[in-house]
Amino acid sequence: MKKSILALALMGAFSTAAFAQSSVVIYGTLDAGITKTTNSANTALSEGKRDNNKLGFRGVEDLGSGLKALFQLEIRFEPDTGVIEGGNRPLFQGQSRVGLQGDFGTVRLGRALTALQETSTLFEPWSGMPNQAGFQTDIMVAGYRAALPGSGSDPLGVAGNSGNRFANGLWYNTPVYNGFQLNLNIASKENNGFTTALVGRGTPAAPQYPVGSLAGAYPYSVSATYSAPGTLPQYSFYVGTERNATEVKWHSVGAYYRPIPALKLMASYGKQDLGHIAATNDTITAWMLGANYTYGPGMFRFGYGQKNPDGQVKTKQISVGYDYNLSPRTYLYLDLSQKKIPLATSPATSDVNQNHYALGIHHNF
Amino acid sequence: MKKSILALALMGAFSTAAFAQSSVVIYGTLDAGITKTTNSANTALSEGKRDNNKLGFRGVEDLGSGLKALFQLEIRFEPDTGVIEGGNRPLFQGQSRVGLQGDFGTVRLGRALTALQETSTLFEPWSGMPNQAGFQTDIMVAGYRAALPGSGSDPLGVAGNSGNRFANGLWYNTPVYNGFQLNLNIASKENNGFTTALVGRGTPAAPQYPVGSLAGAYPYSVSATYSAPGTLPQYSFYVGTERNATEVKWHSVGAYYRPIPALKLMASYGKQDLGHIAATNDTITAWMLGANYTYGPGMFRFGYGQKNPDGQVKTKQISVGYDYNLSPRTYLYLDLSQKKIPLATSPATSDVNQNHYALGIHHNF
Amino acid sequence: MKKSILALALMGAFSTAAFAQSSVVIYGTLDAGITKTTNSANTALSEGKRDNNKLGFRGVEDLGSGLKALFQLEIRFEPDTGVIEGGNRPLFQGQSRVGLQGDFGTVRLGRALTALQETSTLFEPWSGMPNQAGFQTDIMVAGYRAALPGSGSDPLGVAGNSGNRFANGLWYNTPVYNGFQLNLNIASKENNGFTTALVGRGTPAAPQYPVGSLAGAYPYSVSATYSAPGTLPQYSFYVGTERNATEVKWHSVGAYYRPIPALKLMASYGKQDLGHIAATNDTITAWMLGANYTYGPGMFRFGYGQKNPDGQVKTKQISVGYDYNLSPRTYLYLDLSQKKIPLATSPATSDVNQNHYALGIHHNF
């Protein structure tokens, strides 16, 4: 049988994949546990998660001369119901990026955590895992004023979009010089599919960002890290700043210190400036102290933090967690956390304790 | 170039995946065929399926001392239109589970077929495949009263959720002792995202399960199996019982008998009790007889069954199928089925014949 | 521990996958770039793509005697926002097909590009990639009258369905005889999930295709190719014809000529007949000339084309592109295109220039 045009075209496609196959890595995380949170929307014994659940595909192609092509695609999902994360987030909520890496650093295009967000997870005692015991989502990044439209990282994004990513982004990470690294991230002014006008400092009749608005200024996110080279004590710090499509700004600094291999101490401070879209209560500050302590096959996690919205009731949180490692890939965990949150009145004048318990399994593949 | 904090973090992620890679198995099923069903909503010659279409990812990690970590994620889809199963089901409709296996048995968390449902597929002549010729979905599990909201396994679930799974579930399978095995399954009382109130025994103004309701009692599903050890004749039976979040109950028993290797005879009986949500016609019973007969490269499937809703017109079904194996992974099939169903009047007082023809290909990968 | 019924069943499933694993190929494309298009809905500097972004799974099973089983599943997505293609297309928008291949040719069932569409991509200077600089989607297939419901290949399909695929399709590709190959493709008359009536030549009160309509005639798509065997000059041509579920028809012819290995010259002509659903302006003709020229590690792409809707303003397009290959799998690209399009008035009486610039990276894995 002679080869047809179509057959040749198909073979081309097949052979492309054949040599490419070796470079695709499938990875992921399944994390599910039993949780209970008092004084919350759901106080019943529930099935939940401590970490994001992921199914990812990535690869690195060596282009020669130190140059590499990189890609990464990461599905996020809810293990207890099988739906995509949050039920309505983008399929590749984790990230979808492609780019090049070389002596000049790494350049990538697509959608992912902002530079500030990605860096900050290294300075948080729950490793940035977005759960009630951890400090990443509510405290450490200066408390997204979640109830206020426009206060997340991608305010002109699709429904369900998370508050800490840029769509239409460009990422540049420098190489490391004497322990220093710079991570730069900008995004286009595109409207990424939001369908509800953002009132902001306008009125419902004349919203600040009507449907179809583009950003008035380019969103950016920058972080700089320094990591002390060599032996113990090991330490590192970062500073970061970010501006989203509605010109809400974050500023944060953090550090960790490792006096002995088993102990990592962390501290961070952050501030969110909502002045561009909020006429009142437009500043939120927050700080956090944390520690990780490894003992035998286990690791303890500790944290204490506060969020202080300008002119409103503070949020205070104390948490302790324990990971029991069954292998480098699999652990069981226990989290206990108490959070003093504003009562759901507006303006909140008092607070209430939210106790959180979680027991689960975390498996990487 | 020295390693940066971020680079180390990324490397950590990469290396995790690198050693994990060997354990991820990609599997699936593509099944498509030409079908025709008389007296149905779609009587035209159509493209359909005999089996669920699947794309799955799973792995087993050996933790030492006989302990293993397990995960499984299974996408379901429609081959003829490329959409996810049913067009609106969860992405991982097949299952999303993670857990541990050891001498104590298997424990898993997540969402999957209930214990009763998973067991019952082994006693059905179409291997539990949910098509018009098979007996699993309409007859064998005592005829979910599909038109009645609240009558499936996950009545407080997301739109499109199937009627035979638990979300927020915990599964425990014992080891096998002298041929006996017990499969236990419970679920939390969580509302899994249903957005339409269930009237049930209430009224539209005061529904029995308003939006946001939690289950009043923990849903559970239990099955026990016995399989005769050793040589022919080989036989097995099971009993199972289940209660969903709206306290609808199923009870079923089944057996198979294999006098010679080529022949498997099956029988099962089931009952559904809808009394908690239905004031009238609250009991459905059903039974089924089936056989699989292997001859050369092919296998014949036979079945006859009845569903008897309390005080309403019976459903009677007779089916014959043939699989022609092209390999252990691929076969062609032909199904012929006649089903006497109630006319779509309420209450139905007479019935009509629904003839079903299907010719297709079933490919596992 | 003796093996349980369930354990045996699970093992069966596992072992199926174990030997199947070797046959699953994961492949894909990530393409992202910076674009700008004047006089368009979005004139801001944006992040976009030149090619479809894909994550696919496919396999071939050798059944012996020259017979093979084939499957292919292809996810499509937007790299800049992480959502599935277009935000609402089927999960496996690329294709979902299963079938057999042997001496008789290839037979497949499922959903994919129509025969005409798949063939035509080989005769287009941007390789059929659906972007503003290329000619495939707007010019070459005779300009789908996109604004007119019913004018795409699957008019009775789900929301977001693309205009060049058949759902519920059967594909047959003959082997190649003396350079000739025939590609046949039909689809069932099924309504594939469209939810908005098509007015067509009816009225809003009495639409030509009410919700739930089946096709009045079987949709089909046919292409025939001839490829000159042997050495240079190499040439090939095709003819194709297609009829969709609303009896809109396409007819097209194309050819390419390769006088030297580095140069491929292309020409094609097409016609769309919308008479079945449009009372006026029911014919569109189009033609295109193109070239690919390889020079060193790069390839230039050139094209000029016109679309001539009956009684309306023409569209004229001139484009030039450049691929700089970093490897056989990865290239950087630059596209420059000018398109004279009708002003958005109805009927359009004048035109406007749309300039398009794109700079990006294309990575296959």
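Order of writing sets the chain letters: A, B and C. Residues in each chain are counted from 1.
One rule holds in what follows: a residue touches a chain if its C-beta (ideal position, glycine included) is under 8 Å from a C-beta of that chain, and two chains touch if they have at least 3 such contacts.
As the structure is a prediction and not an experimental result, all values here were calculated from the model.
**Q** Name the graph shape formed by the protein chains and their touching pairs; answer line, ring, star, complete or other.
**A** Graph shape, chains as nodes and touching pairs as edges: complete.
**Q** Same or different: do the copies chain A and chain C touch each other through matching residue numbers, with over half of them shared?
**A** different
**Q** Could you work out how far the Cα centre of chain A sits from that of chain C, in whole Å?
**A** So the centroids are 36 Å from each other.
**Q** Going by the contact rule already set, what residues in chain B reach two or more other chains?
**A** 26, 91
**Q** Considering the complex alone, what residue numbers of chain B touch chain A?
**A** So the residues of chain B in touch with chain A come to 1-7, 9, 13-14, 16-21, 23-24, 26, 57, 59, 61, 63-64, 67, 69, 71, 73, 90-93, 95-100, 109-111, 157-158, 167-170, 187-190, 192-193, 214.
**Q** How about chain A: which of its residues touch chain B in the complex?
**A** Listed in rising order, the residues are 25-28, 30-34, 42, 44-47, 53, 55-56, 58, 75, 77-84, 87, 91, 103, 118-119, 121-122, 173, 175-176, 178-179, 181, 183, 225, 227, 229, 236, 238, 326-330, 360-361, 363-365.
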